[in-house]
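Reviewing the structure listed below.
Should a chain be cited, it is by its letter among A, B and C, assigned in written order, with residues numbered from 1 in that chain.
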């Protein structure tokens, strides 16, 4: 019979570090380091043409940019928030159904959710812009049948932007929701029924609270990228729908790296603050644990 | 817990367990401080790192002293390496069945291999990428790049001396065949640094089935009759130039007070609800789909649209106030490794028969007027290449030959206007600060 | 269910609700789910339809005016060399990214779920970094990476694209696998150890199959993110550009019809994988 060694093996002590080393190193070098450089850029003054930058501790840049673009920040929050809520509402039933009733075809349905997004977003958005055009397939038919006024339009409004965001970020909501719902132990449901719960009660008092971390992760994974998005607004929006992502993109485009970095830093900070507050509300222990 | 009938507590809409979760403290002070500490540490690290960053070169990249890069003596020393790296915009050269006839002919006649790539999707991002190599005095990897004169990128390249001056003695085809619009242009006097690849106008495109009277003025874009159906361009250089044309000022000779007036007019156009949206390249889709009835437009796009019977009502007009004439220019970045071969390739494209083949495909403004005759009456290699391209294009070659958008008439030339050339960073910032808020307003 | 609980159920009236449950789960939920999938696929279907559109004259570009059907663009799918090469670049890049990010992300997820401080010092730091990675706007990631590559004089090309893509994919894989692992029963692993299985065998035979759904979900997510990435790729690509970047650049002149052909091909491959997963899962039982 083999005897276990009494002292702890070095490999066991090092196990967590060895496991996390590759990913950790990758993230350190290729995420943290550039991010820190970028954050420091927001305090520098740059010559747009040559790219020569000097650290001037230009804190005024933050207040300047905020006063110029607070409207666009608000737009971003509103559109991203609305799109995320829509996505959560749309995704929950389908994630629930795949997790509980998907059976052997689970992977099939998950792939069907993801496959449309393998096709490049430029193509998808160009096609949406055609589908939603004023006299196109959808609106034209409705106008012909006099169900809509003749000058009704969806494109070039905030609603088109929200619709575009909701469409493009749906898998970011559905997948985490699915993963969280899928791991709920079915026996909890049986236990609830055994304790005289109705179906509604079983759902609201057993399943729903168990999905809260998944809801949180899904919200996060959808809201944050949607906040910084600019393509949907550029291709589907009008004159008053500019999101902060467009301003950041234009700043980098015009080689105003200091301004663009400042806005990015502010966007990041606001998003983080908002998420901490949201986490408190929803009662999750730490954000990270439920990620 | 629940009562007999299985219904939950009557007095609360939300389950008590959820209330418990919400009211418990979640973020401990320690966690908050840790995060703050990490953040502060990162900023400090950033300061250290910024000291190690790449510094741009504020002075000229090349010295124009005798023997310096670009002088006649320097060019005399440049030899052919039998290879050249040509970076262009996507889909901007003749292509059929996976081959480029004009490039293949070049390779066959000169024996110089061409590495043709299409990494340029926009001027400024591409400039940002090559600038980093140029600042570090490294080769960019490209021998020929194509930059638009409406973008500040070309101005930066010239101002900082990051373009190799062309060998004026090695441009015989250019000297003989180049058209008046792109020879000795205002953005590059004497063609010291660039030769045009293709050009075009930013003018007005409109649906003539809806706007029955022929359009000849930019005022149509400010007409309240078409509120909500007018498309404008989002690029600040294009938008600002149109604003200047609208107040009757030639952009090339405008002053800062003119810019302010133009910005005011554009702002009014926006607040009156006349503009549907500020578009990038996709304005043409909205014009085609009927979302807009009149729009700022590029000449080549309207020409292409007209070829399709469904969009034949789309008409291009260069208004009386003028249409902005832009050019995509071939130039040689500094530290290019094959400058002699680059010159050969650039000058090759100024042969009328070569340009005819490119033009048959691109349909923008041709830099070589003599190509018109070749398209009307193709001979030799060009005839063969045009025949190969014909199934793809489906047009008779005379259609391109007779289009004023491709071979401009005197009237078109008269109405061409040039962009403003910024004399300093402050001027560019002032311009952008006036016009960017209009396109990216909340 | 045991015979004892059934009469209790009937007492509470639950038995009478059985038919309604079947309506919910047999009709409404599946119907709704298929509707959502149809909505997702709708623009793709339009794209597939217009990939057969004939171009009448001029520079071949996609047109939403229907001119008749043709197979020409499928026959000449490789007609534009730079488009074809950018497509294959995207595919290679996505496959490599998925492989690397899935491995790295799964290992990291394992570490995060199993160990806590003080055994795992720096766990909170890593979690915060992951969170930051997801919270940071992609445009920041792209621009900052470009700055880094230039500082260390690394030429932009496939390598820089791969480095960047894995960097933003790891976090998504990690949190997906981790969410799946949170309910993982450690006693199964301990049982394996008791039966003299070493670490690697335990991982291969017990752990991996149990977390496989999460790993697969993470891999699918990484693939989808990578093959469709535009913002970061735009910053860190060199002379060889990925498919989305090329398509974006070409909208200035006109999108060639072959772009729709490639889009259809990508979609078709995805559908095939989905169908294959049904076959595989049927065989497993």
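Please note the rule applied: a contact is a pair of C-beta atoms (placed from the backbone, for glycine too) under 8 Å apart; a residue touches a chain by one contact, two chains touch by 3 or more.
Quantities reported herein were computed from a predicted structural model and do not represent experimental measurements.
Listed by label, the chains that touch chain A and also chain B are C.
More C-beta pairs in contact connect the chains of A-C than those of the other pair, out of A-C and B-C.
Averaging C-alpha coordinates per chain places the centre of chain B 33 Å away from that of chain C.
Computed centre separation for the pair chain A/chain C is 14 angstrom, with centres defined by C-alpha atoms. For chain B, the set of residues that touch two or more other chains comprises 6, 31, 53-54, 122, 125, 128, 132, 280, 282, 285, 289.
Within chain A, residues 32-33, 35, 37, 41, 126, 130, 196, 198, 252, 286 each touch two or more of the remaining chains. Residue positions 12, 14, 64, 124, 128, 147, 248, 251 of chain C are each in touch with at least two other chains.
Across the complex, chain B meets chain C through its residues 5-6, 31, 34-35, 38, 52-54, 85, 87, 89-92, 95-100, 116-122, 125, 128-129, 132-133, 136, 138, 141-142, 280-282, 285, 288-289, 300-301, 303-304, 307-311, 361-363, 392-395.
Interface residues of chain B facing chain A in the complex, by the touch rule stated above, are 1-2, 4, 6-8, 15, 17-18, 20-22, 24, 26-27, 31, 42-43, 45-47, 49-51, 53-58, 122, 124-125, 127-128, 131-132, 135, 152, 156, 159-160, 228, 234, 270, 275-278, 280, 282, 285-286, 289-291, 425, 428-429, 432, 436-437, 439-442. Listed in rising order, the residues of chain A touching chain B in the complex are 32-33, 35-37, 39-41, 43-44, 47-53, 55, 68-69, 71-72, 74-75, 126, 129-130, 133-136, 151, 153, 155-156, 195-198, 201, 204-205, 209, 212, 234-235, 237-240, 242, 246-247, 250, 252-255, 276, 279-286. Residues 2, 13, 15-17, 19-20, 22-24, 26-28, 30-35, 37-38, 41, 90, 93-94, 96-98, 101, 104-124, 126-128, 130-131, 167, 170-171, 175-176, 178-180, 182-185, 190, 193-194, 196, 198-199, 213-214, 217, 220-221, 224-225, 227-228, 230-231, 245, 248-249, 252, 257, 260-261, 264, 267-268, 271-272, 275, 286-291 of chain A are the ones touching chain C in the complex. Residues of chain C touching chain A in their complex: 1, 5, 8-9, 12, 14, 17, 21, 25, 29-30, 32-33, 36-37, 39-44, 46-47, 62, 64, 103-105, 107-108, 110-112, 114-115, 119-120, 123-124, 126-141, 143-145, 147-148, 163-164, 166-168, 170-172, 174-176, 178-180, 182-183, 196, 213-214, 216-217, 220-221, 223-224, 227-228, 230, 243-244, 247-248, 251, 255, 259-260, 263, 266-267, 269-271, 273-275, 277-278, 281-282, 284-285.
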